[in-house]
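Several structures are given next for inspection.
Same chain, two partners: subunit A is paired with subunit B first, then with subunit C.
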Partner chain A sequence: MIKVENLYHSYNNNEKFQAKNVSFEIKEGEVFGFLGPSGAGKSTVQNILTGLLPLQKGKVTVDGYDLKQVHNKRFNRIGVSFEQSNIYSKLTALENLKYYADLFDVPTRDPEELLKLVGLEGKGNDRAGSFSKGMKHRLTFARSMINNPKIWFLDEPTTGLDPAIAATIKDIIRSEKAKGTTSFLTTHNMYIADELCDRVAFIIDGEIKLIDTPKNLKQQYGEKLVEIEYVKEGEIYKETLKTVDDSDKEKIANIIKSYEIKTMHSKEATLEEIFIQVTGRGLI
Partner chain B sequence: MKMFSSYLKEMKIASRGFYFYIEILVAVILLLVVLFAINPEPDGKQVEYLYYDMSDEVFDYLVDKDITEGRARWIDDTEFELNPIAFELKNEDTGKVVSYDFKDSKTVTARTFVGLREKTGKIGKTAHILDSEEDALRLSFQNGNVAATTTVNEEGDFSYRYFLQGYETDRYSNMLYVLHTYSQDEIDAQMDTQVIRETGANTVPMDNQEAVVPIFVVIAGALMGIFIIMAYVFLDKDEGVIKAFAVTPSSIWNYLVTKIFVVMTTVIISSTIIVIPIMKLRPNYLLFYLFLLVTTFAFSSLGLLISSFFDTISKAFGVLYTIMITLALPAFSYYISSFDPVWLRFFPTYPALQVMKDLLMGQGDIANVILYSLVFLVSGILLLAMANSRFKKTLTV
Partner chain C sequence: MMKKILRIFRKDATIARRDSMLIYIIAIPILLAVGIVFFAPGVTDSASTIALLESDTADHIEYMEDYVQVEIVDSMEELERRINKRDDVVGVVPIDQGYEIIIEGNEDEAYYETVKAMSAFYKIGATRENTTAEILDFGKTVPPLKTTLANALILMVIMLAGMIIALGIVEEKSDKTIKAMNVTPISQNTFIIGKGMLGGVVAMGSIIISLLIMGYNDINWLMLILIGLTSMILTFIVGFLQGLASKDVIEAAGGVKLIMLPIAAAIAAYEILADKWQWTMYWNPFYWAYRANDLILSKTADWGIVLISAALVTILSIAVYLIAIPKIRKGLS
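Take a look at the complex of A and B:
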């Protein structure tokens, strides 16, 4: 559905690239995570894919359309949920959705149903300007689904939302995936990526460092660990030990034999830990 | 359909915002000011205090002639309270200064007639005839108006003395001088050599109220159009909604044209508020609205082009202010007929103002109106095409 080959982009049209030799391919129905810290180049790549930035160098096809040419019709099959809420504050939630529905040439979803889906039921006639930040974010998210997109760009879809609403948003993404929607998810939240993505790309300084499934990454880069909490001479101690290291294995056996065990959990490396391991940089 | 939906959305947003009401409020305030604070009669406030130093027979002959020929009519006598006053008179010819100091107060009654305008029959001036030159002078300085004395000597020759306040123009002083220095035959002979072009048959000039309308209509359509359309675009940029629009199948062209339609609607409403109550049935409304729409279209397109160069209205403000002041300059020429340099005629608001004035007076030459409408239409299309091209690159960046 999306194919990017040797993409370069510079905001100042010089040799200082915000995207450098970026190449990847996303298959139909896949949820592809684009992960990296702020300023890594995630939004630059997404903006090129959505047509908000011009394609300077490289070859990009989205849904079969070559982005070197302008094809407004392609947006009938594309939905974009922006990180920053961008809705008409003077219009009500329903008016916002109905207006955008009119801009598409394809059958659109019922605005009331979409509001219900994102937990804004009963708020349809309230002006969007009176909404909280989270509500605006949900309205922006709902708007991105108005045209039943086949390719869905999601920029930090759960940022700033409370856990319950974030869980709802994640469920919606899963349900759209089940319908066959291809999603391009841009985030710096590795837990979301881990939960939702079929594959992830780590991007830093405009370059993709690796692309793989979260499972493969954990197998390849993650260490198998055990976290033990035990009582020694009346005090509680906590240690994280590797199950593949001989000295640690001996230590685990000794703790079990000698002390009272309070808790003991096996632990996988997180995507965040792997990201740091691969790129040498944190995600903030 | 998309454009209509965008237009309805834009109208909803505009009607719930501040800018939409600015222009309408300005129109309502201006209408009230024009109707209740501006005297419709041109020079209607011109008041003269006259003293005729001549026999009653000669006086009656002079005034009766004007009255029978429809140039004047008597109205009720006017009573004036004369207060103590001191002033100096300087003779412009000799330079001699005479001081006056009146310490008494008294009431005087003046016979009053009004001078009527030739074409409209409306009042042009009010003249109060006093019993003495001294009273005429006191009133003149008390109220800041012109006084004049007309004398007939024993040979039957008239002599005139004017008492001006000092703020009158040289042109006015010279006119008074010429009027009484040369014989009527000499003046007539001179006038015969003048080429007089009639700009319209049976032209009725605008009164003071009507004269305000072309300025408002052009300024509202042009300058407010530029300002308001820029405000709308920058509001959208600020809210980020342009990015959301850019990822729909609708075109930037659609977005820009919709904005222009909103400004056109605002300008039509605000202009109608002013034009209909003041001009009534005088204009050719079909041509008026046609010209109003094409000028608004052209100036709004200019506003769009300017806004395509900036991210925020604060960054655009310097250029916006300069352009608005520049485009407003022809308004000075409109009010001050002596200020009409050739370079000013190249400003688009200059022909807009002249054509609009003709249209509102109900005397617009259709071919001329259509010609200028086409010029504004083509200019608007070119400006819009340039704005569209620039916005494709900058609207979402």
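Take a look at the complex of A and C:
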């Protein structure tokens, strides 16, 4: 659905590139995470893919359209949820969605249904300007689905939302994936990337350092350890043991068999730890 | 494309209804037209008016009424008050041997000389029936001051159309919605026309209502609309440029007011400059618009001159558009 080859972009049209030799491919129905700290080049790449920035150098095809040419029709199959909410503050929530629905040439979703989906049921006739930051963000997110997009660009979709609403948004992304929607998720939140993405790309200083599935990355970079807390003769003991070492494996089995286990955790690496390990930089 | 242009227009109209500043912009020209009719005496009357005393002879009053508009006042004080108003009214009062002409001092000399001659004709008993002179009519049936004010009002409304567009763009910028528009199937051209439509419709509506209030019921409306629409191209461009360059509503409104300069220059040049210097304003689209409107409002325009004027306004405005469009496109990206 999306193919990027040797993409370069410079805001000042000089040799200082904000995107350098970026190449990747996203298959239909895949949720692809673009992970990197602020200023890494995530938004630059996403803005090129959505047509908000011109393609300077490289080859990019989105949904079969070569981005060297302008094809307004392609937006009928694309949805974009922006990090910063951008809705008409003097229009009501319903008026906002109905207006955007009328700009597309394809069948659109029921605005009321979308508002319900993002937890804004009953707020349809309230002006968007009176909404809280989180509500505006949800309305922007709902608007990105108005045209039943086949390719969905999500920029920090859960940032600033309370955990319950963030969980709802994640559920919506999962259900859209189940319908076969291809998603390009830009975030610096490794938890959401870990939860939702089929594959992630680590980008730093405009360059992709690594692309793989979260599972593979954890296996490759994570330490294979188990942390066990158990009670022995009234005292609490805590041990960290290797799951690949034979003597440690025996010890784990013995502890489980002989003592009362208080807690036991596998110590696989988080995506953030892997990111730091790979790039030498943090995600903030 | 038309459906989407109308959709953008409908959305902008909804927002405009909820914005008091836009409502003021719409109301200003209509209030001005009402003000002109009610507070500027004589603007809607004929230019040829004389004031006579109630005590004058019925024969003299009747004679004068055959040729000019006559206002009867009941005293000398009232007559002086009437003459001193801002329009050209000449007083004629009986004295021992005939009539005395009373003027404010700033009237058109030709006018009070005519009144003087009429008094002389009355004295010798000359009438229409016993004169052999033929009348040559230039066909100007509308008072010149009225035409000037109405014409200036039209250009002011056209400037306000640019302001409406600038305010709409500032609104889009503050809500950051231009970015969202750029990821829909509508093209920039559709967006630009759609955004311009509210300004155009409001301006044309205001112009028509204002002119009807001022009593212009029987002018050629098609000609007026054609000149109005073509002269709006330039204000649209200024509206877009200023809207994109401004951070807030006040800055945008202030910037658009700059367009008053070429408008004022056009009016001043057409009304004051000698014929041999008129060419200095040929570069200014508002000059051609003002000139064409002057003919339309005084009911002396023909389609030939209106079409030439409209073509000149369009060509000059398009030249500005070609220079400005890359900046507008960049601003909307």
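Keep this in mind: the second predicted complex is superposed on the first by the 246 of 284 C-alpha atoms of A that agree within 3 Å, B and C clash if a C-alpha of one lies under 4 Å from a C-alpha of the other, contacts with A are read in each partner's own complex, and residues count from 1 in each chain.
As a working rule, contacts are C-beta pairs under 8 Å (C-beta built on N, C-alpha and C of every residue); 3 or more make two chains touch, one makes a residue touch a chain.
All values derive from a computational prediction rather than experimental measurement.
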Subject >> subunit A as common anchor, with subunit B and subunit C clashing or fitting >> reply: clash
**OP:** Kindly classify A:L225 by the partners it touches after superposition: subunit B alone (first), subunit C alone (second), both, or neither?
**Re:** neither
Subject >> Contacts of A:L210 with subunit B and subunit C, given as first, second, both or neither >> reply: neither
**OP:** Answer with first, second, both or neither: which of subunit B and subunit C does A:I172 touch in the superposed model?
**Re:** neither
**OP:** Report for A:V278: first if it touches subunit B alone, second if subunit C alone, otherwise both or neither.
**Re:** neither
**OP:** Please indicate which partner A:D102 is in contact with in the superposed arrangement: first for subunit B, second for subunit C, both, or neither.
**Re:** both
**OP:** Would you sort A:V80 into first (subunit B), second (subunit C), both or neither based on which partner it touches?
**Re:** both
**OP:** Check the residue A:L91 against both partner chains and state whether it touches subunit B (first), subunit C (second), both, or neither.
**Re:** both
**OP:** Please state which segment of subunit B collides with subunit C in the superposed model; the candidates are 146-154, 164-172 or 362-370.
**Re:** 362-370
Subject >> On subunit A, positions contacted by subunit B and by subunit C >> reply: 50-52, 72-76, 78, 80, 82, 84-91, 95, 99-100, 102-105, 140, 143
Subject >> Contact set on subunit A toward subunit B in their complex >> reply: 47, 50-54, 72-76, 78, 80, 82, 84-91, 95, 99-100, 102-105, 140, 143
Original post:
Considering the complex alone, what residue numbers of subunit C touch subunit A?
Top reply: 3-4, 7, 11, 14-15, 18-19, 171, 174-177, 179-187, 333
Original post:
For subunit A, which residues are in contact with subunit C within the complex?
Top reply: 50-52, 72-76, 78, 80, 82, 84-91, 95, 99-100, 102-105, 140, 143
Original post:
Hey, which residues of subunit B end up touching subunit A in the complex?
Top reply: 1-2, 5-6, 9, 12-13, 16-17, 239-241, 243-251, 393, 396-397
